[in-house]
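To keep things simple, chains are lettered A, B, C and D as they appear, and every chain counts its residues starting from 1.
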Amino acid sequence: MTVSKIDVSIETNDKPAPPPKHPNTCPRCHSHYRDDELEAALWLCAQCGHHFPMRARARVASLADPGSFSEEAADLHSEDPLQFFDLRPYTERIAEAEMSTGLADAIVIGQATVDGRQAELAVMDFAFMGGSMGSVVGEKFSRACDSAAERGVPLVTVTSSGGARMQEGILSLMQLPKTVCAVEDLHDAGQAMVVVMAHPTTAGVLASFASLGDILLAEPGALIAFTGPRVVQQTTREKLPEDFGLAEQNLRFGHLDAIVPRDELRPTISRLLRLFDAPV
Amino acid sequence: MTVSKIDVSIETNDKPAPPPKHPNTCPRCHSHYRDDELEAALWLCAQCGHHFPMRARARVASLADPGSFSEEAADLHSEDPLQFFDLRPYTERIAEAEMSTGLADAIVIGQATVDGRQAELAVMDFAFMGGSMGSVVGEKFSRACDSAAERGVPLVTVTSSGGARMQEGILSLMQLPKTVCAVEDLHDAGQAMVVVMAHPTTAGVLASFASLGDILLAEPGALIAFTGPRVVQQTTREKLPEDFGLAEQNLRFGHLDAIVPRDELRPTISRLLRLFDAPV
Amino acid sequence: MKNVSLLGGARLSGELERLQRQLDRIGAEPTDEDIWRSVQLARHENRPYTLDYVERMLDDWFELHGDRADGDDGAMVAGLGKLDGRTVVLVGQQKGRDIQERTRRQFGMPYPEGYKKAMRAFELAERLRFPVISLVDTPGAYPGVAAEQHGQGGAIARSQAEMARLTVPTVACVIGEGGSGGAIAIALTDRVLMQENAIYSVISPEGCAAILWRDAAQAQKAAAAFKPDAAHCLELGVIDAIVPEPEGGAHTDHDRAAALLAESLRESLDELDGTAGDELRRRRRARFRSLGVFA
Amino acid sequence: MKNVSLLGGARLSGELERLQRQLDRIGAEPTDEDIWRSVQLARHENRPYTLDYVERMLDDWFELHGDRADGDDGAMVAGLGKLDGRTVVLVGQQKGRDIQERTRRQFGMPYPEGYKKAMRAFELAERLRFPVISLVDTPGAYPGVAAEQHGQGGAIARSQAEMARLTVPTVACVIGEGGSGGAIAIALTDRVLMQENAIYSVISPEGCAAILWRDAAQAQKAAAAFKPDAAHCLELGVIDAIVPEPEGGAHTDHDRAAALLAESLRESLDELDGTAGDELRRRRRARFRSLGVFA
């Protein structure tokens, strides 16, 4: 009997690396920041440029023209189709994530303008259960595709995900083909998708809609991997290259169009919306 | 001023390797054969399986059902659009090739049945100016595509070419896009192409129709390269792998579906014609 | 079990009836032990693999090799064959029978090169109007350095996208392990079938246990929780039908297993016959877009 | 020169007139010295390269990187930009200006990875309905071990096939060396232009001389024989129009050269505007299928 030792899922799923002593300590240069300092600086380290995690609503605010964002499908909530119970019930984990993030799930979608040009935004939030992709993420992303197609505007997607929502079992896996089909429908409607991969973009999200953008951007230092370094190391015992799975390696191997620092994202997306003739 | 030292063309063009003392001596195991022995054995060395060059008409006879081959466009001849003259005039080289091969140019096309199934055949002949691709090769191959499309039958192509017909200058290069367009028209008509790459299939032929077959077969030991080993060696000074550019390497690197010994070609093609539902 | 509603909006009534019949036949909800037995049978070393079925189901098999770029991935098989006189393109992961073959085929875990080979086969099918059969049997896509460098995630995404574009009939069957992204990469099809003792899951039981229970040895508990068995997949609308296996499991009688699989594939292809290509595609996308549970 | 008939059957009469005007302007047949001067100017180290034109002709340039498989080939540039307010996809080989850049860009000789990057750009153009502009400037595809192993011949063939399938308007211009298969890989377009001092040939003069004269030093003689200059290419129907350069050659005034090129590209795109996609494709294929001289 062959028992596979392979785990192709997501090492970071629901289990983010332990936070440093103070959450606003830069892991690279150890500078400390107050919340308002980081917020004013787009959560970039002023000393070394490290990209701190950025929450979905802050991300939307940093990209959309002030007051232009109109959220869609904000009320969609996960069900518990498998009555899943590991060390705790899934329903309890969701309730806790809702409380701590103020979000209904790991993605926010809606209409906005960027420098006066219309776009649809779909922005993931790693803080909600590791940005894992359950039914709600799949459904909301798909609706963002439809909204963009119907209004004839490009879709701008920001990804950050540890992978599957294991508690939804096989339905979590089905969000891969579901979102792929939604992107294909968007493309058939003649609309473009720009993807910004933030840290981390892994597993199911990378293996579905995130890789299907017409333009693929990434933030510096973001982990972009189907299987992350720890699982690769454990499974294959291979020696890993220095920058294994990082955005920089992905660019070198031809998987990205550009690495764009966070403070240049807005002008870059603005330029792309002009190129895609997004309506004013 | 950058003067390029790169010659991306064909080392074997019009300049085949010097023949061994006796043309029927196996270059691998040095066995000798009479003409009729080789002919009876499909020009395969009985001792080591070496594939001797095979002429176009013999190839047709080995694939088509007896009496079924009906040649097309047999009367097409090259013109001399550039009045090309190197050490000798192009017209003289053509006349000589015609005399020595009994062919009008480096390809033979026509209708045939294989095990009772209809197909179009397009078979190149390296003996005619190194199988170089001039206007006549391009035109006849394209007509073979049209004939196959019109009759609703698959096209079976056997390639053997050193590359471009330099004496036709830029028009020789234009046979690449020309034959590519012809294959696209064939595919749009819903018909399949099987390609058999015989030694050597290089340069322009490889970089156009030969690579576009739905099924790519090769004979054992055939050189299949855009740039052959000598030019690669001279240009880059790289150390070449043992089997550089050979069919075996191409299979390993994913560029071929199968290597098929010559005496298995006919049953293989017959099977593919069944799979393509070629008319009886 | 009946309190979980039947999902998958885009179905025809005839299909709903067949679903109901299958649910009735299954009868009682599988116990945790039943589920674990499926996990073990799905991985049984004598279970028939893709090429075992090919050799029993198809005539005139011609295997395609290579991705036309980097290599020929042994973990993915692609080719042409005749199923009852009809030419089909077949793709499928392939595990190895002995240790040499397992190594050569990476235990059925494809590199990006494998998915590119599959995509090439899909393109050929589309060009020449052959239906596609996809046999899913993988622990997952290969988790290695070169696989990542060559774009494993992107390859899986693009393979699905390619399948979402096809206008020929397509049928997938999970014949062993349907492991995660590596499986769905070739399973975005008009009909999705699953053998009685196959499993289909977003993560291996061991992986799930290691993450959620902090203990890989809790695999049986994890499997019971995420329910990768065919009956539950059918109930959730993830698959369209269950393919019966010989009494005791497919490994007990390869010939009989192949005959049963061939019959189900034929039935699915017959159902899809005569539907226009763009309508097939529209329904295929609607089918997958309907999957998920939310409020 | 007039005794060689005008080839290229599938032309419209308006285009024939323009051809005739251009032939008249050229006047006398280029001498062997004229041809050799073109060879030298086409390779001049100060000649504008693809990115020199991009920066002068296009607004909002966004460069695409990578083939989504193996790497990002510096010898091939691809991106999006605005030409007079119209979004276009542009691809082109890129030589290097200094020795570091030349090395990084392999002297403008793409690997298969470069052609795959171009194909990706073509697909994007097709999907989003942008016209394609292709700037050709290469001694040829890279002749190395890895390039062969990754399928140089197949990549060139498939890039052409991709271009033959597009239903958006496409224009190519040879802006320097149009060297052999490496050039035609991105030049199967609705309109093919050539700058006054560019060359377009099936082999380099040195390569031709080495093979036919058994002496690479006879390059000038070879060039005179196979006539890679714009006037002869126009006469043979291989190109549709000649793009003028500043007096003395494009290297003397990059801005002026870019303005002249932009004007010709704009004119070509305007001509193609309003023709249905499948008709564009039909004419494109007919154009290339008409090339050749035989009896």
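One rule holds for everything that comes next: a contact is a pair of C-beta atoms (placed from the backbone, for glycine too) under 8 Å apart; a residue touches a chain by one contact, two chains touch by 3 or more.
Everything quoted here is computed from the prediction, not taken from an experiment.
The fewest steps needed to get from chain A to chain C, moving only between touching chains, is 1. Relative to the C-alpha centre of chain D, the farthest chain centre belongs to C.
Comparing chain pairs B-C and B-D by the number of C-beta pairs in contact, the larger count belongs to B-D.
Per-chain Cα centroids separate chain A from chain D by 40 Å. Chain B and chain D have Cα centroids lying 28 Å from one another. Once the centre of each chain is set as its mean CA position, chain A and chain B turn out to be 51 Å apart.
Touching of two or more other chains is recorded for residues 253-255 of chain B.
Residue positions 68-70, 150-151, 154, 158 of chain D are each in touch with at least two other chains.
Remark: the chains found to touch one another pair up as A-C, A-D, B-C, B-D, C-D. Chain contact summary for the complex, chain B toward chain C: residues 187, 190, 192, 214-215, 251-258, 268, 271-272, 274-277.
Of all residues in chain D, only 68-70, 112, 116, 150-151, 154, 158 touch chain C in the complex they form.
On chain D, the positions that touch chain A within their shared complex are 60, 62-72, 80-82, 87, 113, 117, 124, 127-129. Those residues of chain B whose C-beta lies close enough to touch chain D in the complex are 1-9, 11, 13-15, 76-79, 81-82, 84-87, 134-136, 138-139, 142, 164, 166-178, 180-185, 202-204, 206-212, 224-227, 231-232, 235-236, 238, 240-241, 244-245, 249, 253-255. Across the complex, chain D meets chain B through its residues 4, 40, 43-45, 95, 102, 107, 109, 139-141, 143-145, 147-154, 156-158, 160-161, 164-165, 177, 179-185, 187-188, 200-204, 206-208, 210-214, 222, 225-228, 232-233, 236, 238, 284-285, 288-289, 291-295.
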